[in-house]
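Take a look at the structures listed below.
Both complexes below contain chain A, partnered by chain B and then by chain C.
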Partner chain A sequence: MSHATPDTATPGAISPGTTNRVHLDNGGRAPWHPLARQAFEQAVADGWADPRRLHAEGRRAARLLDGAREAVAAVLGARAQEVHFTPGHTASLHAAVASASAARRRAGSAILTSAVERSALLNAARVAGRQSTVPVDRLGRVDAEAMNAAVRVPGAALVALQHANGEVGTVQPVEAVHDAARAAGVPLLVDAGASVGHVAVPDTWDLLAADPADWGGPAGVGVLAVRQRVRTAPVGPEDEDPWAPGGVSVPLAFAAAVALQAVEADRVAQEARRRELVEHVRAQVSRIPDVEVVGDPDGRLPHVATFSFLYVDGEALVTELDRNGFAVGSGSACTASTLEPSHVLAAMGVLTHGNVRIALDRGTTADEVDRFCAVLPGAVARVREMLAVGGL
Partner chain B sequence: MTCVSETVVDARGLRCPLPVIRLAAAAKGLPAGTELTVLSTDPAARFDVPAWCRMRGHEHVATVEHAAEPGDEAGGWAVTVRLH
Partner chain C sequence: MSHATPDTATPGAISPGTTNRVHLDNGGRAPWHPLARQAFEQAVADGWADPRRLHAEGRRAARLLDGAREAVAAVLGARAQEVHFTPGHTASLHAAVASASAARRRAGSAILTSAVERSALLNAARVAGRQSTVPVDRLGRVDAEAMNAAVRVPGAALVALQHANGEVGTVQPVEAVHDAARAAGVPLLVDAGASVGHVAVPDTWDLLAADPADWGGPAGVGVLAVRQRVRTAPVGPEDEDPWAPGGVSVPLAFAAAVALQAVEADRVAQEARRRELVEHVRAQVSRIPDVEVVGDPDGRLPHVATFSFLYVDGEALVTELDRNGFAVGSGSACTASTLEPSHVLAAMGVLTHGNVRIALDRGTTADEVDRFCAVLPGAVARVREMLAVGGL
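Take a look at the complex of A and B:
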């Protein structure tokens, strides 16, 4: 505990509470794109009414909602009528799993997932049917052969595979699994919540969930696309809008769509810029002693980097970085309310303690990344010093 | 358990990363081939001890889960490693 003045002793450090904070925890909750804010205010003024009402105000709101649906559909390679707004990404996954598997009750009850799907999806699968997990390798990539073999076994109601893992960045073989699923007549649900707005999205899906809060749009609204050929069965109480009982917020949906259009406009440039920064971070971090840089080095999201430090308390490291002005995420058990480590890191067989996860925003600068790389080795060393692990 | 106490690291009740640190401290200076078993109630240790083995070139031999017992005995894991 001999780190009396880390804020002054650390190169690049920033005092907490200043506006100079560097926020590197943008996965699933990024700052709003400026155009999303404008769109939201416009839609509050013009689209506050209930879009299901028949008067002029209602019709105006309905037009904004239709426009939002068309804009999202164009990006996803879907038809407008295939795109539904939901109360959020978790709600999208819950509803997709429940209603797609309910429609295939006669075919079977098995719901095949990779081991590294989001907890919301895994939990929904356990409720809706007989959840069956396909393992991943050390890089976090699902064994496509094993998944395809499982799809061919009679009794599969649904197969779910994320486009990319938001915790470790690894991109999954969605195309190969979709081929096998199609051949077997089993619908494929793709969780693209960590990838839409950051990389091009494949059109090899039957249901696809995307997360506005991840691409610079608002939280409190989600996107679920369901191909017209896919059968679904309503599972909750009857409602005019089964994907969002009671209807969605038009301003939130409109802001989400405008944000998506805005980030798609320069996505390729942003992808290249952030990929370079992430490669720099991964190279710099790998020079710190006793670290595992996690996830696929090549087939990965451009903006996510994850690493685990041996003999480091994840909670202490997140706190130490926060004191130095840097907000980061962690999959370590001590940083979770459940005290369970990240099921993603566990499934990969990588170190779960001492974990740090960063997701670069479109606004994250090279200078901010350099400052993070300058501060991190000292922060790790101070946390290790507290645990007296020298020489182990 | 007393007869093998020298090769057992009792890290029950300790949270990550302390079980792995206790194991590493116990392993220090022991000859290759020694088997050590770490007892832990922390759910991270059953993943992190095999990862430590991989990073340090040791061998993960086995992981045995102990269910929680009625009374006060909490559930946990016994992870055995062979030092190289």
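Take a look at the complex of A and C:
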């Protein structure tokens, strides 16, 4: 079995060469916030028991879980009992779409989404009802008028609109859409998986999904907030714990909440700092020949920047940058392994190939960003050269 | 927000009074093995990235995940590519039942289960097909002949039989049922969630679910092994990662694998040691008046003991023992919060109320067991007295 042994004794053997690496692929999966690691350790020691049990250890785990729920609720502008932990962001979106639309089957089966929602949400909508997609403009911003008109047509079970697009950074008009949805009596699901912890989140939602792994908390746990006024229907085989069948990991939920409190504590400062860095990158990159700097220049996430290069293969550029010590994302965040053309970029009508996305972590420095800006033009040129000589 | 702050600075404020506590409720949720904590820390540092990404950080996370898969496969007698990580044991059972039965819809819709399977499995079977339940005897052992006869009737999509019952400890005849299932061409799903890490697990299965939280690994991750020969059908909205939509937490999977290797390393010694302690408890408890010592005296898990007391309320007894420093389970492990009568005990035809279950951890000492045996008779007497005087 020795060949299959995860090597715990010598961590160094598993993680060589991290020195001087610049990791700019922090969207959806960021390094843990140090306080989250500390909180997790504490909760593993104190909150490992099943919080549904009656004994002292179970009650202590339940208290940790309640504290986590209250902390997240305070940030989201929700009541504690409206906040639920799930197995992850994908699970949150699946369950929210399925449950909220099933509860309104009598009103209709249409599920209205923007064209640039996360794949998990679009897939859930496709399965749960009659999916109806509202287009976006070239900046990735949904046509609020078209969405609001669609909401007013009878037969809508649910509207889903992301707070901001994690791939290109564009912020969506959720307030306007929520107004129209409320007037029509249709619940609005807001995917805030790319924005919570980075910008202020509006309270104009009926259901809201947020992603701890995106804000420096752990993967393996998600957050779904459901206003008490929203009707939901059971989905899946379990009546108990409908949002997390079998229960949730208390240490993960606790670490997620502590990380959220920690990033909220200096969010405004971090937002300004990272916005400045991103604007610098966008300006620098726009000087590279044959590039499209993607997404809304103003109404955008402070930490995300996306570019599409003509005459460049996205995978080759990611690999070339990786060789030079820079980790970046490419294509669609949801299908990074396959590098299929991103449905987001396609819906925006921008170049879908030769795409690179960076998402700055709270720890990303100006120096790292400068080094990236210095290396990128050469990397693009080399990949173009390889492509030109048929080397790819 | 201060009132909602999870208190990371002073862990002691959250976990008072753990001194001298004896925790005997380790079935399904045991304290983490120390090596699992160490492995988790390492993997948070080295494997926090998305393992589907192309860059060095992503590839390193993917390697940790592959190592975890190989380590679990070696213990289960499976190939690495047959082992999948899921969001948890309930998710494993739901997905296995739904997927394996959907793939055989042409053969039939009957899903055969024992009457004492976990609620999550019974619920999944109820939703996925035409559930058919095979009875158990008074020891909780399924009637293998009846199950095999049912398998031979055309129309069976899937048979599900636990390796051992986590509530009463009885080991099931999975080998015999697998022989009949193979002959009939029906896949056998084995729920080994209460046995892996405690006893040797047979390789007579087509799908097998195991629970890291039960063997000293983390909650929030599950294991589902599916033999390559078994046909499965996609369930849920996602084509990618069908067993863990959105992907799994690499640190959780890694910690689960390290914990499994650690407990396997001294499993035989721990099995003998805990079996002796459990036999001692069962003998001692049988001397208390009006008690039924539940489950198979011979073919049983080494660490689980269950008793039902006449003239006792289960919740009151759990609370009385908790007051005396002992944490135990009661009723059905799956519905401990509601203390509904256990469907397992009901199916066995034994007393469903006044029930107490203990599950010994690897760290449980003979002294702790002795203290439990010394305290239990008095606790039972006090609860009976309260009940008699109408104090409850």
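Brief remarks on what is shown
Going forward, the second predicted complex is superposed on the first by the 362 of 392 C-alpha atoms of A that agree within 3 Å, B and C clash if a C-alpha of one lies under 4 Å from a C-alpha of the other, contacts with A are read in each partner's own complex, and residues count from 1 in each chain.
Keep in mind that, in the parts below, contacts are C-beta pairs under 8 Å (C-beta built on N, C-alpha and C of every residue); 3 or more make two chains touch, one makes a residue touch a chain.
Every value quoted in this text rests on a predicted model; they were computed, and no experiment measured them.
Of the two partner chains placed by the overlay, only chain C lies in contact with A:Arg126; chain B stays clear of it.
Contacts of A:Asp290 after superposition: chain B is touched, whereas chain C is not reached. Contacts of A:Leu345 after superposition on the shared chain: chain B is touched, whereas chain C is not.
Taking chain B and chain C in turn and counting the residues of chain A each one touches, the greater count comes from C. When both complexes are overlaid on chain A, the residue A:Val318 reaches chain C alone and has no touch with chain B.
Looking at the shared chain after the overlay, A:Gly354 reaches chain B, while chain C stays out of its contact range. Overlap of the chain B and chain C interfaces on chain A: residues 339. Put simply, chain C touches chain A in their complex at residues 1, 3-8, 11, 14-15, 17, 21, 23, 25, 28-32, 35, 37-42, 44-46, 48-50, 52-58, 60, 63-64, 67-68, 70-71, 73-74, 80, 87-91, 94, 120, 123-124, 126-127, 218-221, 236-238, 240, 245-252, 254, 257-258, 261, 315, 318-319, 321-322, 327-330, 335-339. In the complex of the two chains, the chain B residues touching chain A come out as 15-18, 20-21, 24-25, 28, 42-44, 47-48, 50-52, 54-55.
Note for the complex: chain A touches chain B at residues 290, 292, 308, 310-314, 332-334, 339-341, 345-346, 349-354, 387, 389, 391-392.
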